[in-house]
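Here chain A shows up in two complexes: once beside chain B, once beside chain C.
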Partner chain A sequence: MLNSKLFPCSGVRERSTWRAFILILFTLLAVGGIILSLTKGALYISLNDIILAIFSDSSGSNRQVIWNIRLPRTLVGALVGVNLALAGAILQGVMKNPLADPHIIGISSGAGLAGVTIMVLFPHKEYLVTPIAFMGAMFAAIFIYILAWKGGIRPVRIILAGVAVSAFLNSGISALMVFYSDRVHGALMWMVGGLSARSWPHLDIIFPYTVVGGILAILGAGRLNILNLGDDIARGLGLNVEVSRIAMTAVASLLAASAVSVVGLLGFVGLIVPHAARLLVGSDYRYLLPASAILGVAVVTLSDTLARVAFSPIEIPVGIIMAFVGAPFFLYLLRRDA
Partner chain B sequence: MAIMKAENLSVDFYEKSVLKNLTIAVEKGQIVSILGPNGSGKSTLLKTLSRNLKPNKGSVYLDDNNLAELSAKFIARKMAVLPQSPEAPKDLTVRDLVEYGRYPHQSWWQGKSQEDDQCVDWALVQTELLDMSSRIVSTLSGGERQRVWIAMALAQKPEILLLDEPTTYLDICHQLEIMELLADFNRNHDITVAMVLHDINHAARYSDCVAVVHQGKIFAMGKPEDVITVHTLRVVFGVESEIQIDHVGKLVVMITGLTKKRG
Partner chain C sequence: MKRKLLYFACILTMISLVFSGCASQPKDKQIVEASTDYLRITDDAGRIVLLPKKPQRIVVLSTSFLDVLYGVGGEAVGRPSSKTLAMFPASQIAGEVGYVYNINNEQLLSLQPDLVIGFQGIHEKLIPILESSKIPVMMLKMKTYDDVLVKIKLMGDIVGTQAKAQSVIDKMQMKINEVVAKLPVQSKKVVILHATAKNVTVELEGSIAGNVAKMLKIKNIAVGSKSIDSDPDIAPYSLEKLVEGDADAILVVTMGNMADIEKRMKTDIASNPAWAGLRAVQNGQVFFLPSELFQLNPGIRFHESVEYMAKVVYPEVYGNVK
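Up next, the complex of A and B:
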């Protein structure tokens, strides 16, 4: 069934069957990832025991491990995957640039500088990292927007302003790391992005953004499709191009900022997952957004499981695993499609 | 009656004024061609009429309503625009693309209606694309691709169609195919057509009205035989020409050389 092009080029019926097949495949991967993430770890717990631990009120050690550690961590990972993948998919469409991802609009560098500042300068106030990082991310995104504004927003100006502002903020991060080199370990872990010790409070933070951002993204799918035809055509079809671009970028900023502030600068998901989804289901956002979100869940949960068990008992940050396994896979997809 | 008019338009680019207090009216039911040399402002004029540029001064009116005060979707239900060499995502089928033409008629809470399907079918039939409807647009030839974009504009069910050099990059046969197609919509479906053209003979053959833009102003406007003259071609384009009438009574322009600049 896999022909030379990944996404079939002929036959309308063949295409919708293919899309359904890929969506089901992604869903299976996501469910598999969640189950693996719950069962595997320092302590192996069978699926039966997990269900028992979640749905009955036993006070055994299984219940402790599942309820307090693995379940919230898995759920946080899943939502982070959804948010970053959706943000990346939206931004690639809005900016009409294949390299657009949450880094481009300053989310990562803004959250990075804010988070690292707290961790390095006020290590006893670690609980502030998430809210301050979120504010840093949004502040950087808005700042880039203001810089790029000139009677409207042009994607190229946003991208250039984003690169410049990110470079500026990153130099701040580097400076902090150099001056306080004795305290950088925690900051370093956070900079690569990891899910270790993420629990219910983090889930409470990210959950509303996932729900609201996810709904807004899906509602915007039609607009993104029109925007992809080019500004002139989109305007001719009656789309308010400037407003749509700003609104969708704002949605992407909220999605990405909430994810990054919770788990650190997980870079890979927002860039590669939407691309992989696009190669497999095509550029129609009505399919691309759900496909990206589900694939995001699969990628983050599977990578996190691997991160925990690969060098057990040492745990490596999920960001490293994701880039290490994902980048070659992505290159494989790219070569196949060319 | 004018379906569209622009009054006292001025458009500046980086301090340089491209359109200077320009006024133009497009009569309902006509084919209007806009001619002019490079840099005369003809594309800028079309972009301003199609809302892709905001004028620094002056207003554009659609059915006597100021364009700036109408909602984007309302305008798109009356006016379709085809810019120069548009580009679609690589994996769209012909039908996918033509369906986007229904966007201004849809609201976000409802999917496509039966009427949408009928309009898309109709547009595909008019452009003779029905049996290509599941082909991928990016694999088609230039002429076929241009027909797909025109079909998308038709699916909008517009009263007026604006086009910016619709025949660029096409060979002579496909150029005529596009011109015939537009003439047919105009005649049989009562669609007003206003377009920027490069080819003076196409303009002479197919238009009811020709507007010549020169240095940001309308140099002359009216019936082709009144406007396209040896004098116009010499002053505006800087070329010498001979003009004849063919057996169906249409103008044929032969360019014989460059006008020698004096001094």
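Up next, the complex of A and C:
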């Protein structure tokens, strides 16, 4: 672990100082990301005007840009970061598999197939994309759970069932894309995931899930720690392993499904952010969960700012930027730790 | 051992066949270059296509070209499967060869075409198969009005109906001139959105709608921004810039059932504060363009696209749509 390297005689005190330091660092990054996201954009608006636009109810174009476009977009991005990072962190713990992320338990492909079906086959019913994608995500997660159930849940079975079901659902997405290739543009943008044109209504959709999911995740941190000791020890400690696992997977599904239904299939955050956090704060879930959530905010807001500014006025979907910048950074962390 | 030798011989024969195939190609070319061939063109992929004689069995792989071909009095033996209504009912008799992006090679070859017309950027992968069967294949693109004119002419040359092609062009040009002549002095600013309010994708000058807007001297506020990929038609765009651009009207190129989409998108836009603050939205100046005129290339109906947009943007001059 990193901290033991930095603090060779790592006592409890040093470790908690280190964790506090990292958490503060992440928080600063997240706050910085949010501020940057608010102040930078295709349109230059001075800091003064931005503050004015947020706190006074004027009706100029600055107010429109800041209040109705930039601010809600930033907030949606931040919450999406929280949800996906938490979901990934929980799933990696529950499945005891470093590759677990919302994709593995079928959430992405379930939401993907449902969303793309609506966008391609019923483009006039586009308002259904969010609820249907959410249902698709939950349905896929439950389906995989049932498939993996055989007198109990074993993480390996879930992951294999997840891979199989995802492959099955993805073939459906591909088929739709091939047969309705003239309409794939919207679907493609959604599959990459992006925050373009997200505003207050989207914040309303995702906010309750972030609050409820976040609280449930933090409450479950202790259970996740015990689960990580292995099933036998966990049982020995009096934990109902199956119930805990199902409950925590359900929380992760809710978090991820709500995020995916609002911004599309944003990959990467759910997989990489928890790992990056784990490399820095260790795998105690009481620290890992908040660290992941905060890092998720930082990563999404910073990436989205870059996505909006880099080729302005052209915007790049944030999913592309995130993987492009994030993957090398993650590899660096990985190599350094190894 | 004997078997090994046999294999070796087989391989040798194959290699020699391949090489002799290569070697004979330039010779073929020389023969056809002796100006006995019917037509020689450079297609939009930069390939030289030779038609030794007037093609009798044409297979068209894109609906847009099918309409153009029938428009100049030609006929096809094969056409792409499509859900959109064909302009020429006669063209529906032709055998189907699968959807545009998913052409069935066997069906295509079984029609024994002597010319295959594909869409540049989509059908390149068919070239090797067709060339190896000695079937001439041309890759054409058609986006802008200029493209359409060139393609009508080309189809006329292919089927030998140059006069008819010219009359189609003249008729179209005349109708467009009529519209352009009545354009108001004060031109409006618009932004053309691609399909959906879920994300902001604008159509640039290279798109059909962008091209029509340019012909109508309508100012497209997204023009001038470079697209990041190789396809210059559409680009994901900053909503903030749209606020700054302050367009008079928003045009939306739809896909699918326009009436339904229109109803839905209007409420979508109205309920999303990010859109609702735009002046065009507040003034109710959001208009929808039908996919058959602006998403799929209208081809020989290009004047209808021009007329349609003129009516949408300047109803006070041209009267309302419908």
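Observations
Just so it is clear, the second predicted complex is superposed on the first by the 329 of 338 C-alpha atoms of A that agree within 3 Å, B and C clash if a C-alpha of one lies under 4 Å from a C-alpha of the other, contacts with A are read in each partner's own complex, and residues count from 1 in each chain.
One rule holds for everything that comes next: contacts are C-beta pairs under 8 Å (C-beta built on N, C-alpha and C of every residue); 3 or more make two chains touch, one makes a residue touch a chain.
Only a predicted model underlies this, so the values are computations on that prediction, with no experimental measurement involved.
Superposition note: with chain A as the common reference, chain B and chain C can be accommodated side by side. In the overlay built on the shared chain, the residue A:240 is in contact with chain B alone; chain C does not reach it.
Contact with chain C, but none with chain B, is seen for A:179 once the two complexes are overlaid on the shared chain. When both complexes are overlaid on chain A, the residue A:316 reaches chain C alone and has no touch with chain B. In the superposed pair of complexes, A:228 makes contact with chain B only, with no contact to chain C.
Panel annotation: after superposition on the shared chain A, the angle at the CA centre of chain A between chain B and chain C (CA centres) reads 140 degrees, nearest 10.
Comparing chain B with chain C, the partner in contact with more residues of chain A is C. Of the two partner chains, chain B is the only one that A:283 touches; chain C does not reach it. This overlay, made by fitting chain A, leaves chain B and chain C with a least C-alpha separation of 41 Å. Within chain A, no residue touches chain B in one complex and chain C in the other. Those residues of chain C lying in contact with chain A across their complex are 99-102, 194-201, 222, 225-228, 234-241, 243-244, 246, 254-257, 260-261, 263-265, 267-268, 271-278, 295-296.
Those residues of chain B lying in contact with chain A across their complex are 50-52, 71-77, 79-83, 86-93, 95-97, 100-101, 103-104, 106, 108, 134-136, 139, 153, 156.
Per the touch definition, chain A reaches chain B in the complex via residues 7, 9-12, 15, 219, 222, 225-226, 228-233, 235-240, 282-284. By the touch criterion given at the top, residues 41-43, 61, 64-65, 67-70, 72-73, 119, 122-127, 129, 178-179, 181-183, 185-186, 189-190, 194, 196-201, 308, 311-317 of chain A touch chain C in their complex.
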